[in-house]
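Shared chain: chain A. Partners: chain B in the first complex, chain C in the second.
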Partner chain A sequence: MKQLAIIVSWAAAVFACLFLLAPLVVIAAASFSPTPVFDLPTGGASLRWYSRIGTLDGFWPALWLSVEIAVLSTLISLVVGTLAAIAITRGKLPGSEILAAALVSPLMMPGLVLGIGLLQYYRSVGFTASWSGLLLAHLVITLPYVARTMIAGLSRFDFTLIEAGLTLGCTWPQSIVRVMIPALAPSFLIASLFSFLASFDNYPVSIFLTDVRTKTLPIKMLQYIEEAPDPTIAALSTIILAGTVALLLIADRAVGLSRMAGTAE
Partner chain B sequence: MTEAMPAPPKLSDPERRTAFLLSLPAAMILLIMFILPLGLLLGVSFTGPEGFSLAAYQRLLTTPHYLSVIWNSLKLALVTTALTFLIGYPASFAIARARGGWRSLMLGCLFLPLAASVIVKAFAWTILLRSDGIINSTLMLLGIIDEPVRMIFTQTALIVGSANVFLPFMILPIFAVVAQLDPRLGEAAAMLGANPAVAFLKVTLPVTMPGIIAGVALVFSLSVSAYVVPTLLIGERYPTLAATIAKAYLLTQQPAFGAAAGVVLLSIAIAVVILSSRFGRSSGGLS
Partner chain C sequence: MTAPDAGLHLSISNVSKRFGATTVLEDIHLGMAKGELVTLLGPSGCGKTTLLRVVAGLTHPDTGRVELAGRDITRAPPYKRNVGVVFQSYALFPHLDVAGNVGFGLKLRGLPKADIASAVHRALSLVHLERYADRPIRALSGGQQQRVALARAIAVEPSVILFDEALSALDRKLREAMQSELRHLLTQIGATAIFVTHDQEEALTMSDRVAVMYKGRIDQLADPRTLYDQPATAFALSFVGQSLSLKGKVVSSDADGSVVETSAGPLRVPRRFLRGSSVIVATRPEHVTLTAGDNTLTGTVVGATFQGSRSLVEIDAAGTRLTAEMPGRCTLPERGETVIFSWPLSETLSFSGEEHA
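For the complex of A and B:
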């Protein structure tokens, strides 16, 4: 019986891993396809699609916009979310449990509904700057990830360490920079990673807030796939995946993937 | 946790003011960019050509077509949640018990797909599930089927793709709880004379309940509002609430109707959050 349970759980884990990797393998394989069809390569490999990424219509502006929005919204959310997480975990705030729940709640709300809500909202107040509108919207997408990770991280942080720093002759800003930020570095790393990916890959909110000139990469990608699904998109995704493998290896060394998955170790 | 909240400690005013100021920017973003837009959407959903109107809701909740659209969204979420749970629950035990490199490798398998765009993953499934795709060829090679089975643009394709995209969100919260369990808990139950099935039902299942609730709530709320996966893997054959909302805004310009569909979808998500926090409280687990 116990053996059976162990076999079942290992079988499920191996299946889950293969199942999750399957589409990624297809993408990577298709990127080397010698033929202009988004499919598994038959006979020979080719790098031609990699050199074509940059020539996709409107690719560079879309990539730049997505990176810009993802980096800026992550940075702002990191500052704002960490400050709020300090207020919440120190328990000095009446109603802090409600605020904590509210900050994480957009994570569970349908992105599409937030998208149309913001569209109506911007229209009704006559706000037409699509770049800033997109950035503000992405703050709502990234803030829950930062708040969740930082609340968890800060609830394990010993605030008396800051006082220790003060006693040892640091000023307030010094003890924050030298004591608190290094101790929280793993949480910052995890929060940034999730927050960046959430913004960078967002489709359902952005689709309602972009105009002809400001299109994010996911919107462009769906458009490319619907118009002409050639392996260029696969090549682009493979580069992003390779970058992520590198990031995960670094994160595993620096933080440990178990900790990223939310366990306290 | 079930007791009434303790009275807030008496605080000196400066401390409270600092805490208030620290949380102010986040609270403002939440209010201005999240609560107000959703409130406005609620208002829009009740507007007709002559002011207040229930027409959008009437159309949505009484037309058989739109009732089936709502059911489609719920069915997609129910099946995706059940399937990811059946795979994810046992899998998270193996991942939690694995050591060193194996554990990192399996966690890497959970994180890596999060870096590939949903759009690209869904498209990869259209390749895998094609009539001349790998899955059909393998099944034919193994002699399980004689001729290619049509999978793409069917509900099978939809469920496979949706389970694939949302599986990490089921495993990660459950893993986080299982990894902190003492493996000797089951042995202790066995020593006290419980047979394995009873030990599982009375000990393991209850203590992992917070992870189960978190995973189920997350996967359900993500899949009930999924837009990209149904669009690419089944399309018009399986209209969902999300597709209805997008169509009302991007194609037919019927904001009131789209807003009403949005409010229905939002209500489902809010119900999931409320239910999960209620169950979460009644099954506190071991802390």
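For the complex of A and C:
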């Protein structure tokens, strides 16, 4: 009976993995298709769609915008989110749990609602600059990831480490730079990774806040599919996928995937 | 106000500290010679950790003066004091390996790499961990982490090493082994050290002198033997070792001492008290015999337990439970038996009942 249960749960786990990964495999396979339709490459592989990515109309500005917004919002979130997490875990503020919940709440909110809400809000206060509007919206997206990871990291962090640094000869700033930040490096890495990816592939919030000239890569990609559904998009998707896998592998080498997925301890 | 003694290695004088309305340290005086091992012993909240932090520079006193190796360090930040601290949580740096932790302070002092490497090796061999230099911290056991924390503290050759409940996280057997090993090591390198603990056994084992702290004050500062034989206060008596004590009122007093009327009967104490004042009379369980003597009482045996080298007899004397310690092989009285018991006048301790009232 117990063995049967183990077999069933293993089967479920394997099936879930296959189910999640299958579309990615199909996309990757289709990107090597020699024909201009989304098809599995049965009659030989070709890299022609990869070479066409760069020639897509408005591709480079969209890519640059997405990277720029993702990097900037991640950096700002790291600073703000870490400080907020310190206040929440250390400050003994009244209602710090409510504060923590509020900080993480955008994670639970549908992106569409967030996007419409921000659009309405920007209009009502007369805020029309689309680039900074987009950055601000992405801060709302990335901050919860950073705050959540840093609250978890800091609640496990032993602040006597800083005192140990002081007694060994560190000044206060040295103790922060040489002890606290490196000791929290795994948390920083995980927070940045999640934050960057959340911003980079965001569609539902960005769609409400872009204009003709400021379009992020995910929005541009959907537009390409509507205009000309050829495997160029599959090729681009495969490159993004490969990049993500590379990032995850680096993070795994540095801190371990189980800690990242939150499945450890 | 006493002037700090010029011959002392560490001198704490008039130190007081308040946190809001609570006084955590009140007029503390403590002088230590070079190479001396002193323990601050007391229950939680007695101020012992705060005093340690004052020496480390992690807390600044409101009043008073701290001098270390002839230098006034009262206002000096921790990084300008040359103290080593072994924290209760060990506070090892998780991002560095064992050698990185031990060499951390030396690197900050800008020592050449070769000097750091040899100092790290020396410190690690003192704690028998030289083969663990490149292990990550998380791969070590609790006892090994404790040793690394110690090696890190001694590697910088501090003027004084401070131990904040440093052994309390270890299990009993390991703790006892570490106690004697640590004492041996500290004597070997001639270190001056302060231990903070609530464990009286640790205090007696580890130190040349013990400071018993209670409510922000040092109740008694004495060597372990004196502390046990002549506790200065009822608190010091109850906190260090086992004891039996009875409360009573002084009914007569002469040049030789006083007679105290307790609920179990009159008892003589070798100290003069005012008639009518309340006094606590006490002794150590090993001084009690089941015969008549100087201070004789009658009671009912409520329990007797054989513990190998000794036996404990619990006696109810007019409502007060007292424990007497007998040699292990003696014939124990039966439960419910009425016995007379006594202890000599020379082993009778007495304390004014108003102390710590």
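Following the convention adopted for this analysis, the second predicted complex is superposed on the first by the 261 of 265 C-alpha atoms of A that agree within 3 Å, B and C clash if a C-alpha of one lies under 4 Å from a C-alpha of the other, contacts with A are read in each partner's own complex, and residues count from 1 in each chain.
Keep this in mind: a contact is a pair of C-beta atoms (placed from the backbone, for glycine too) under 8 Å apart; a residue touches a chain by one contact, two chains touch by 3 or more.
Owing to the predicted nature of the structure, the values given are computational and were not obtained by experimental measurement.
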Fit-or-clash call for chain B and chain C when the two complexes are aligned on chain A: fit
Inter-chain angle, chain B to chain C through the CA centre of chain A, in degrees rounded to a multiple of 10: 90
First, second, both or neither for A:142, with chain B first and chain C second: neither
Residue contacts with chain A in the superposition, chain B compared against chain C: B
Which of chain B and chain C A:80 touches, first, second, both or neither: first
Partner chain(s) touched by A:234 [first = chain B, second = chain C, both, neither]: first
Partner chain in contact with A:119 - chain B first, chain C second, else both or neither: first
Partner chain in contact with A:192 - chain B first, chain C second, else both or neither: neither
Touching partner for A:66 - first (chain B), second (chain C), both, neither: neither
Touching partner for A:214 - first (chain B), second (chain C), both, neither: neither
Which superposed partner A:106 touches (first chain B, second chain C, both, neither): first
Smallest separation in angstrom, by C-alpha atoms, between chain B and chain C in the superposition: 8
Intersection of chain A interface sets (partners chain B, chain C): none
In the complex, chain C residues that touch chain A: 56-58, 77-79, 81, 83-85, 87-89, 91-96, 104-105, 108-109, 152, 156
Chain A to chain C touching residues, read off their complex: 158, 160-161, 163-171, 174, 178-179, 182-183, 185
Parts of chain B lying in touch with chain A, wherever the complex brings them together: 5, 8-9, 11, 15-16, 18-20, 22-23, 25-27, 29-30, 33-34, 36-38, 40-41, 44, 87-95, 97-98, 103-121, 123-125, 127-128, 134, 163-164, 167-168, 171-173, 175-176, 179-180, 195-197, 200, 217-218, 221, 224-225, 227-228, 232, 242, 245-246, 249-250, 255, 258-259, 262-263, 265-266, 269-270, 272-273, 277
Touch list for chain A against partner chain B, complex: 1-2, 5-6, 8-17, 19-24, 26-27, 30, 38-40, 79-81, 83-84, 86-88, 90-94, 96-97, 99, 101-103, 105-114, 116-121, 124, 136-137, 139-140, 143, 147, 197, 201, 203-204, 207-208, 218, 221-222, 225, 229, 233-234, 237, 240-241, 243-245, 247-248, 252, 256-258, 260-265
